[in-house]
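Heads up, the next two complexes both have subunit A, just with different partners, subunit B and then subunit C.
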Partner chain A sequence: MAIFSVYVVNKAGGLIYQYDNHVPRTEVEKTFSFPLDLVLKIHDEKLVVSFGQRDGIRVGHAVLSINGVDVNGKYTAEGKEILEYLKDPANYPVSIKFGRARLSSNEKLMLASMFHSLFAIGSQLSPEVGSSGIEMLETDAFKLHCFQTLTGIKFIVLADPRQSGIDGLLRKIYEIYSDFALKNPFYSLEMPIRCELFDQNLKSALEIAEKAGTFGPGS
Partner chain B sequence: MSRQSNRTTDSKKMNSELFTLTYGALVTQLCKDYENDEEVNKQLDKMGYNIGVRLIEDFLARSSVGRCHDFRETADVIAKVAFKMYLGITPSVTNWSPAGDEFSLILESNPLVDFVELPDNHNSLIYSNLLCGVLRGALEMVQMAVDVRFAQDTLRGDNVTEIRMKFIKRIEENLPAGDE
Partner chain C sequence: MTVHNLYIFDRNGTCLHYSEWNRKKQAGISKDEEFKLMYGMLFSIRSFVSKMSPLDMKDGFVSFQTSRYKLHYYETPTGIKIIMNTDLGVPNCRDILHQIYSTLYVEYIVKNPLCVLGDTLQSELFNSRLDSFVRALPFFSARAA
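Then we have the complex of A and B:
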């Protein structure tokens, strides 16, 4: 039972708050000798595995670190191209960590704006008059719940599909927002939320929701 | 999941006199700073507006009021829920215009003006103008443009305090998607 992350989107579709509670991380670190039996390719400025799945290293996993040092996209921390580095037998044996690439903040911003547009499409597609936007998006790995206030702010929670009580959690997050963000006179509306009290209270609300949710179906 | 209201502010009662004193200090300081009643009225309205745009979210989060579909519903919610929640008073809604776009809120008592008397040199000061700004700001956030002003004021010699609210238009820009 887990709540993965919380996003808050303002009226214009911009992401003003994002919190990752815990995203299941699958990372595998292995030592390799020359030649490398995985086929790597560059995708979206990252080096990903394109073929050669084995030992927990899946296609689509990105190179996260080499010899313990985090990589910078397709370059090592020192600025060398990784593909070139791995072609040189003198650099082996090498220890490479693979895992699902983390979303960068820019990517999150983009995805939030995209969701904002899709939310609107949801209500436009409706055959019935006066439909709301997207309230829930379901995949086999997670459920995305969205609550839009009358003022246009959207609270989005990504959680385990079996987690229950998310509606109550969304209302609670709205209350926490109206308390710790809005009542802070130094917080400007529609701007990114950088309030400590908001973070703290959000975390405790998520903890409470996770514990209470174990009484949901399928647990 | 139970709505555990661990909001200590619910049970924490603040002395309303401290509130009256705070508001009074605010108005007198504005008078000293601006020395012009009209300017003070404008500032109070602006401050009220800033409070209103934030207060509306608190109001919506705590009451489970849905979107109002006409001005009469809005008037009822403002008088019976909002004023009750924040000032502890329930004004009455009267004097509807024939077109149904204007009404009056009659306040028997106004917590802001307990113990206040307006001196002669502040004849055009609208002491509680903050309230007008609050109402204007709050309604703007739910896509309603309104004009709010004091028609009668006990501080200026009238029997009751009357706030006149006029509906101007529905704000169509930036409508939240799926507006019910």
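Then we have the complex of A and C:
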């Protein structure tokens, strides 16, 4: 049971804080001989598997490293194009690591703004009067919880679907935000949060929440 | 506990079917725009979820809830999307939506030689069977709670 990450979005929809607590990254490394039976294609500046799912390597997984050396998008660390490198039989046998690609900070910014809009559309399409936006979004791999304050700040937590106590955690993060970010005289509203005490207290709150504790008054 | 409304979309975004039982608030835009907005929102949520997910997903996006309603989503490998809005007390509806697909859509639409795939569903039989199926659901009560 784990809490994967925390995002804080300001009222314009921009991401002002992001923390990855514990993100399980499935990675598979295998040695291949010529010819490669996976079909790879370039997608979003990364090389992803498009066909040939086998042995834990799924469609959508990206090439993370070749022969132990991390790749740089669609180029190897030396700057050669990976697709060209893999077409040459002289480079085989080659050991390639596949896995879910890590999100770059630009992608996180974009996803946070996307969620900000989806939150608003969820409220507009409501069949009931007076609905809020999306407060909880469920998939089979994670649950996303969102709490919007009266001032329009959204606190978003991604957690394991079986994790409980996230509502209390969201209120606690709001409390930590108001204590260590808002009361910080050097912090400007709606700007990215760069306050050390906010980071420290957030980390300890996440640890307490993961141990399934509840937050008492004044903790 | 109640079901508010139900949408069925095909893979191109055409709304094949829409019915409502207990809807209290209209979206404030025309029906066509509402269908497009709903489809667009779900398309974006699916893409959002596939990028955000820390692990590989089997079923993908299942449902979301707000303070007043819960939206359940089911998609078939052929791109048919079934969306049901209910109130908050309803647990996971995936099996029910799967049943709607297999016992109603496949039986009355796919197997119907007169139904052209890609057009809105004109079958009266489908409409009446769907309506009685939803009314027979354990969490449906005609008077909204």
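The working rule: the second predicted complex is superposed on the first by the 212 of 219 C-alpha atoms of A that agree within 3 Å, B and C clash if a C-alpha of one lies under 4 Å from a C-alpha of the other, contacts with A are read in each partner's own complex, and residues count from 1 in each chain.
As a convention for this text, a contact is a pair of C-beta atoms (placed from the backbone, for glycine too) under 8 Å apart; a residue touches a chain by one contact, two chains touch by 3 or more.
Owing to the predicted nature of the structure, the values given are computational and were not obtained by experimental measurement.
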Fit or clash between subunit C and subunit B when superposed on subunit A: fit
Touched partner set for A:144, first subunit B, second subunit C, both or neither: second
Touched partner set for A:115, first subunit B, second subunit C, both or neither: second
Contacts of A:128 with subunit B and subunit C, given as first, second, both or neither: second
Partner chain in contact with A:178 - subunit B first, subunit C second, else both or neither: first
Which of subunit B and subunit C A:100 touches, first, second, both or neither: second
Contacts of A:90 with subunit B and subunit C, given as first, second, both or neither: neither
Touched partner set for A:158, first subunit B, second subunit C, both or neither: second
Overlay on chain A, subunit C to subunit B nearest C-alpha distance, Å: 10
Footprint overlap on subunit A, comparing subunit B with subunit C: 122-124, 130-133
Residue numbers on subunit A that touch subunit B, as the complex places them: 11-12, 119-120, 122-124, 130-133, 148-153, 164-165, 168-169, 171-172, 174-175, 177-179, 182-183, 189, 208-209, 212-213
Residues of subunit B touching subunit A in the complex: 1-4, 7, 9, 53-54, 56-58, 60-62, 66-67, 141-142, 174-178, 180
Interface residues, subunit C side, partner subunit A - complex: 4-5, 20, 22-25, 27-28, 34, 37-38, 41, 44-45, 48-69, 71, 85, 87
Residues of subunit A defined as touching subunit C within the complex: 4-5, 23-26, 58, 60, 100, 103, 107, 111, 114-115, 117-118, 121-142, 144, 158
